[in-house]
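Note that the chains take the letters A, B, C, D, E and F in the order they are written out, and that residue 1 is the start of every chain.
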Amino acid sequence: MKLLRRIFPHPHLTILLTLVWILLANKPSLNSLIFGLILGIIIPFVTQPYWPDRPKLRNWPMVVEYMLVVLWDIVVANVTVARIILFKRNDNRQPNWICVPLELRTPEAITVLAGTITMTPGTVSCDLSAQGHNLLVHCLDAPDPEAVRDQIKQRYERRLKEIFE
Amino acid sequence: MIDYAIYFAFACFGAAIMMCLWRIITADGVGTRVLALDTMVINTIALMILYGLDQGTEIFFEAAMIIAMLGFVSTVAYARFMLRGNIIE
Amino acid sequence: MSLFLIAALPFLGAVFPALLIRAGRNAAASAAGLTTFLALMGLLIHIPAVMRGDVVTARFDWIPGLGLNANFMLDGLGFLFALLILGIGLLIILYARFYLSREDPMGQFFTYLLLFQGAMVGIVLSDNILLLLIFWELTSLSSFLLIGYWKHLPEGRQGARMALAVTGSGGLAMIAGMLILGNIVGSYDLSVILQNKELIQASPYYMPALILILLGCFTKSAQFPFHFWLPHAMAAPTPVSAYLHSATMVKAGLFLMARMWPVLAGTDAWFYIVATTGLITMLIGASIALFKDDLKALLAFSTVSHLGLITMLLGFGTKIAAVAAVFHIINHATFKAALFMTAGIVDHETGTRDIKRLGGLRHLMPITFTIGTIAALSMAGLPPLNGFLSKEMMLEETVHTTWLNSHYLVPGLALLAALFSAAYSFRFVSHVFLGPQREDYPAHPHDPPVGLWIAPAFLVALVILIGLYSAAVVGPLVAVVSSAVIGGEKLPYYSLKLWHGFTPALYMSVVATLGGLFLLALHRRGEQIWNALPRPEAKQIFEAIIEALTRLSRWITDEMHNGVLSRYAIIFVAFTVGLGYYAYSTGTIGIETRVPLPAQIIPILGWICLVGATLGIMWFHRNRLLSLVLIGVVGLIVSVAFNYLSAPDLALTQISVEVVTMILLLLSLNFLPTETPWDSSAARRWRDAAISVVAGLGTGALIYAMMMRDFAFPTISEFHLANSYKGGGGTNVVNVILVDFRGFDTFGEIIVLGIAALIIFALTESVLGTNVRSYLLNRKPHWPQSGDSHPLMMVVVTRVMMPIALMVGAYIFFRGHNQPGGGFIAGLIVAIAYLMQYMASGYTWAIERQRFYYHGTIGWGVLIAAATGLGAWFNERPFLTSDFGYINWPPLEEFEWATAMLFDTGVFLAVLGAVMLALDSLSRFAWQPGMAQEFPMDINPLRDNSPEEQQEKEQA
Amino acid sequence: MTFIVELLIAFFLIVSGIFGFVGSFGMIKLKDPMSRLHAPTKATTLGVGGVLLASIVHSVLLEGKLSLHELLITLFLFLTAPITALFIAKWHIHRHEKPEDLPDAGEDELWATHAVEQVEDVPDHSAN
Amino acid sequence: MNHWIVAPIVLPAILAPFIIMVLRYHLDLQRIFSVAGVVALLGIALTITAQASGGDIQVYELGDWPAPFGIVMVLDRMSAMMVLLTALLALPIVLYAIASGWDDRGKHFHALFHFQLMGVCGAFLTGDAFNLFVFFEVLLIASYGLMTHGGGAVRLKAGVQYVAYNLLGSTLFLFALGTIYGVTGTLNMADIALRVAEIPAEDTALLRVGAVLLLLVFCIKAAVLPLHFWLPASYANAPLPVAALFAIMTKVGAYSILRMYTLAFGPDVEVTQGLVGDWLQPAALLTLAVGAVGILGSQHIARMVAFCAIASMGTLLIAISQFTPGATAAALYYVFHSTLATALLFLIADLIMERQGGAIAPKPPMPQSGLIAALFFVGAIAMAGMPPLSGFVGKLLVLDASRDASDATSVWAVILIGSFVTIVGLARAGTLIFWKSYDAEVVTTDETAEGENASAPAAPEPQPGLAFTAVFGAVAGLVLLTLFAGPALEYTSKTAEQLFTPENYISAVLGREE
Amino acid sequence: MEALVASAVGIMTAAGIFLILRRRTFPVILGLSLITYAVNVFLFATGRLALNAPAVLNKYEDVPYTDPLPQALVLTAIVISFGMTAVIVMISLSAYLSAKNDHIDMTAQDSVDAPGDDA
């Protein structure tokens, strides 16, 4: 088991890399699968020292759900922000800082959350607090910061907690 | 129809790049300039894919991909330089 | 004995004193004496042949391509001089053994002396003017060493340098003269040249050749106005003065004039140049000698005067004058060497050479007195000594000479010179030896041991013998030598005897002697007048000229090479542009043969970006970070442009290189100032801008002209396109060119990269080994640093991004042969992937987990590439011959293998190692003691729970 | 069918064009640096995303070959864009915001960027 | 297949990485392998010289691709001779560097040294214009490393200038190559020659620009005025054994001029008329003049020797710029002499600097002063072109060969006056350094600041015996060159003949006659 | 198109040379980078420009190819100039740290010459 763990330090990564290879080759074939798999095993092995711990992923349906939610939010938020940029006068906009207290503890989960916040336009995650218990978010136009924070916690953090912890 | 759409997109991204250039040259701090450069890189990627689509060629793909990967590295390097002075510490 | 051996013996012998000096002074001196003696004997063997008038020769083809051959010949003239050189040399060695003190490095002395002797013998025996030149310059060099022998004396240094400068420059002029002469005749062999008088004197190059050769002769023989070096050469030990500056070296010029006499003499030019110079020199030398208080200086100027005399005689161009010259050469050598040795003895015994502090030595040093007096009287030209005989002949000749239609000028001046000559000779005797004995000699003078006086005594004996029995003692010799000088023609009538009857010469002699006594009596008065006269001191003028020359050189050199790179660069650019324009404007260019590609909107946008960014860099270049950002824009546009213009490989390479360069620059900018201060004026900037614009226009126009025309010939790349797949096994022609057609270029290229990394590493080591390290440790950052140097999100994303980047690198590598990509780009991408890790988690943390060593990677890369190339040798193919094939392993699809892939692996490894080593080295500059990190990220909420922290540490 | 596909592609392209434009326009229009940071996220997500989708649809449905590698670019952008934004935001916080201007960081007291021992005598860098 | 031709390139190219990988921490082994490598290179050089002396031009087609499509190495008399010179030069220098401990004052000396040799040999052997560029870069970058070897503020600063200037030169090289390729469509030198001869009139302007830019590039390397500015500071501040090695670098420029301008843009080629003759000769004269003036005007021994290098390049280029077989034979002889003499003087200068600093001024007495003085004397004689050493023969050859030149008078005047100034300058330096009685009160401080940087690592036990052996080796080279001047001149004459019949070269490379 | 490329080369060259004529190391390095870009494009353009004709062989149809050789040369040139840039960056950094200033000129203080008296 230990040996297996040494050889496959990050199985998820192996899968991802194999997928990346197939995409790169852009031609689904046995050749590229096998080659991708070989590299997908070698490379995590090589990079293992840089990723000492092994994140746990559970609740795969939730992963899918989360992705869909985020994609939808991106589309919606894009439109909202585009309207703000195009039509709202600078003076009327209310940019704001928000502090989001984090319940998440795993670095990977925090990263995904912060990434999601940034990728959904209108909010950008700007900083962690000194010990990593709060996330600083900047909003492009947030008359009601509380609502934004609650939405973040509700829509994203809850799901991530289920996925990672 | 696709052609017109592509031209439209060309125009949009071209204008976007010009605006980035404008921002790079006129901004008051390096931070904004780096941001503008990053945006410019992203717009460039879009343009390259668009052009590939227009010409029906794939030779732009790798370059776009590498640019996507490396543009990030340089942006981070600039930012780290401004934050810490030393980019590898 | 072969002439080769005679010429070579002194050189061979020169080795021994230097080696033998540990065995004692006597051993060194004996070795020197023995070789000289052997050479002398070897010479004397040839007496019968020489006296018969035969010419003994020895020939060896040394550099036939140049006409420089080691040909020697011995005729009467050469014999006389060789005899003087070796004979007096032997005496000098004997004398020097006793003269030099214990502190003087005697081995060195004899080595130098023998070197000089060899050079002199070489001159007089050469039958090739180029060979003669070699020995000629050698005498300058060895005399330089001998004059500067007493290194502690500043006069020695100056005198040596002056002698070298003057005689050396004369030698250089002579090189030109000899080359012209050889060119006229078509041979550099003396024996050939001497046969071609008409050819030479008819040639338009006769005058330049004559002047240049005479320059050499005059400088060597201290003729006016080059006479000034000789007295200062007297800083040398007396044996040297006696040898070089009376008997031999200064006579080299005379020798050459005599040697060339048959072909050069006889023209008006020769007469006016040589005779006049000799006359003036004779007069000036004699008059200065009269007022010199230093014994050796007195003798030196008297030597100058006598050399002038001989020169004048040679200059007359008549045969009888030549005979007189030959005779006087012999006489002068005998009495002057004796006089120098006498002066040396006086100096040695009394501790001074200042005439003003001497006098009355007659009783204290009777032997020295006798020797000195006889020699001096010979010099004064008193009968029955040999000096009288030749002076008579000289005066006789002057009487027959008209100078610019004046019958009296030459004899008058010659008489004056003879008068002065008598005066200083008498002064030498009376002021040194006669008069009352003094109490204040610096030492206690008495006669020296026999070793010191025997040599001059021998010479004085010769003086008397020649004077009394001239015809018997030197008659045949003079005849043979003279006949050699005048080129083998019939000798005119002359007689060597004391009494010729009441001739004008006799009257003149009487006048000269009496006048000399009179002058001596008036010496004190004369000295006052002399000292009151303003006269240019040649030494000071020379020194001033040299000093001015040195200063001027220093000024020119320092002004020209003032260390300002921008100046160098601007000259470079201007020169290049100028020549380029000249080359262009003198050629022709045809009409445009290509239809330009349409400029679409996207390229125009790109162009605007590029130009904007470039101008921005120029405008904002003082803000370094901003210029870097703008350079990034330029790089981006350039690489996209490459892609747009059908060069995907270039685009990939350019963008990867771009990123790495940028990171390198940022790493170094961390230590450099972030602002460039103004340090050039607005005018300068405008000038720079103007030059830059011209250069830019030039390049732009050049490439535009080229792009608008087709190749003049089909390009070789058609072959590459046609054979890339068939012969190289790849469809990406660019890559096949890189790894196959022109793989050797790539091989060189990765070596360049490897070297670059090694240099960076080596420099880092050197710089960090100095006090720079403490400077770096105490240095403050440019601006306040933020917290959280390794943000959590960055670390996490890198953990995913880096493997993907490696994957992309692998992909780029494998597809390289057939699609854009290849080992180089892959190496850069993998390096950037690692770099990402460095940036995310910090250098120290990452380097601890590093699994490969950069030096090894570079080495392996180069070695693999080389081994791939060498592999072909076993296949009996040239270096870097590639091979490829296809593998079919069902159920897999067919795939290709190629040795070029292996080569590409070498490229990949070398690039990876090089980039990493460079970055790694630069990162070490920023190392601070507290930097070692425990964790990959600064903030990690997981660490709230200590067990997991433990776990993380374990795994780390 | 082809028409619908083309329409789809054209739609994607137009959407991407608009958002790409808006992204950069925002940088010009918005005045404060922090707000400007929001603009490029549009270009990254829907701007490039639209083009990539169009490209995929084009090759899969019109040319009939499975070409999904454009997804990789999306993957890279989604992975990297937040980091870029984060760093620029940190730069802004570091340069322009004092700890008291930001919301309270709760029990951690300071935001990470400010959590550093300040070195004295460091030159001002307001030009950057 | 004659693999010897690439051996001078492949051997160092393998040895250097081997030294880096395996022997990185073993200086003694590095030294052994380094010396062995140089000796082997010398053996190879002798072999190929023997092969080339027959007069056949041998061609090695790398990768088995036919010329002009692949890269070829070409072995003719000139390239063989230059490789031999390189190897001959390298041996005393590597010995000296070991003996003086210079190789221990920084990292990777031996690896860089061999890479440099590789670059130089490659430049001499290649028959491809772009490959020439690559080898130029190899030798340049190795020289950058060697030049800054050991560090120190002044040296590094000089290094920056050196690199910057030469980077400009490299850029120009690319411009030139681009232009030539853009017109002729080929990179192989022989092929260029063939096409240049047939170039249509409408393309001459561009071709001329390419040719002149290329010439300028070589002139930079050869330190021709006014492109010599990189040389004085960099040679003077480089570690002097390295500067001694650099004596061959300027010759690479001279070699390239000879190669390209006899083969492709030769004196008979109508297209490139007036590009060389009009200004190269005056420039060479100026180079000699500036070099000689610099010798007299220098106040530092290393700088003085650097100007010696410039002056000797001036003399060499005077001969080259005539482009006649006779003058070229003289030039080739002079190349040997000038390289060895320059290197010798640099080594001697290092002996002096290591013992008492480099200022040309009175100094405290130094150990082995007499021997060093004697060596300096010999070196100065050689450099000034005084007899009996090869410098004199070389000078005579150059003078003799240029007597038919149109401006023979000025050539002779400059050479002879230059010699005079050189003699005065060297005599001044020698007497000041070795003959001046030392006044102990004058020099009290500045001792550490003078020579090496004070913080240099403690030098290892120097081995003066070996150092002197190395220097004597160089002297011996000069003596042999003098003694065997006849055969040497015969060889160079035949070489010049070979150069001035480019048809043979072209047909050997392109195989047209077979 | 050709005019665009040519003018871009010219402008980059001009800017590069202008920066090389500055008197500090950093602008000079930037200038060298710029001029390197210029020369790369120059060398590339000597193969003449072509759109949509990458030199990747197409097995199936007969398509035009651009001249691959200059591309290979440019690749080599890029790599070499990268190495050179790295080296000059490093040397100038070391020089700055050792001399504590980044003047590119060798001033009189830098000169190792000491006055020698002539006698």
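Annotations for the structure displayed:
Methods note: a residue touches a chain if its C-beta (ideal position, glycine included) is under 8 Å from a C-beta of that chain, and two chains touch if they have at least 3 such contacts.
Small disclaimer: the values here were computed from a predicted structure and weren't measured.
Note on connectivity: the fewest chain-to-chain touch steps from chain D to chain F number 2. Summarising the inter-chain layout, the chain whose CA centre lies farthest from the centre of chain F is A. Chain pairs C-D and E-F differ in how many C-beta pairs they share in contact, with the greater number at E-F. Nearest to the global CA centroid, when each chain is reduced to the mean of its CA atoms, is chain E. Farthest chain from chain B, judged by C-alpha centroids: C.
A straight line joining the Cα centres of chain B and chain F is 24 Å long.
Between the Cα centres of chain A and chain D there is a gap of 14 Å.
We define each chain's centre as the mean of its Cα atoms; on that basis chain A and chain E are separated by 61 Å. Residues of chain E in contact with two or more other chains: 130, 134, 137, 141, 144-145, 148, 151, 156, 161, 164, 168, 175, 178-179, 181-182, 187, 233, 298-299, 428, 436, 453.
Contact of a single residue of chain F with at least two other chains is seen at positions 20, 25, 28, 40, 42, 45-47, 52, 54, 56, 69, 73, 76, 80, 83-84, 87, 91-92, 94, 98, 104, 106, 110-111, 118-119. In chain D, the positions touching at least two other chains are 18, 25, 37, 39, 44, 67, 69, 72, 75-76, 79-80, 82-83, 86-87, 90-94, 110, 112-115, 127-128. Those residues of chain A that touch chain C in the shared complex are 13, 16-17, 20-21, 24-25, 29-31, 34-35, 39-40, 43-44, 46-47, 49-53, 102, 104-108, 110-111, 114-115, 127-128, 130-133.
Partner chain B is touched in their complex by these residues of chain C: 601-602, 605, 608-609, 612-613, 616, 625-626, 628-630, 632-633, 636, 639-640, 643-644, 646, 648, 651-652, 655-656, 658-659, 662-663, 666-667, 669-670, 781-783, 785-786, 789, 794, 801, 805, 808, 812, 819-821, 825, 829, 832, 835-836, 838-839, 842-844, 919, 923, 926, 931. Of all residues in chain E, those touching chain F in their complex are 130, 134, 137, 141, 144-145, 148, 151-154, 156-161, 163-164, 167-168, 170-171, 174-175, 177-179, 181-182, 187, 233, 236-237, 298-300, 302-303, 357-362, 428, 432, 436, 446, 450, 453.
For chain F in complex with chain B, the touching residues are 52, 54, 56. Here chain D touches chain C in the complex through residues 75-76, 79-80, 82-83, 86-87, 90-91, 93-94, 110, 112-116, 118-119, 121-125, 127-128, going by the rule given at the top.
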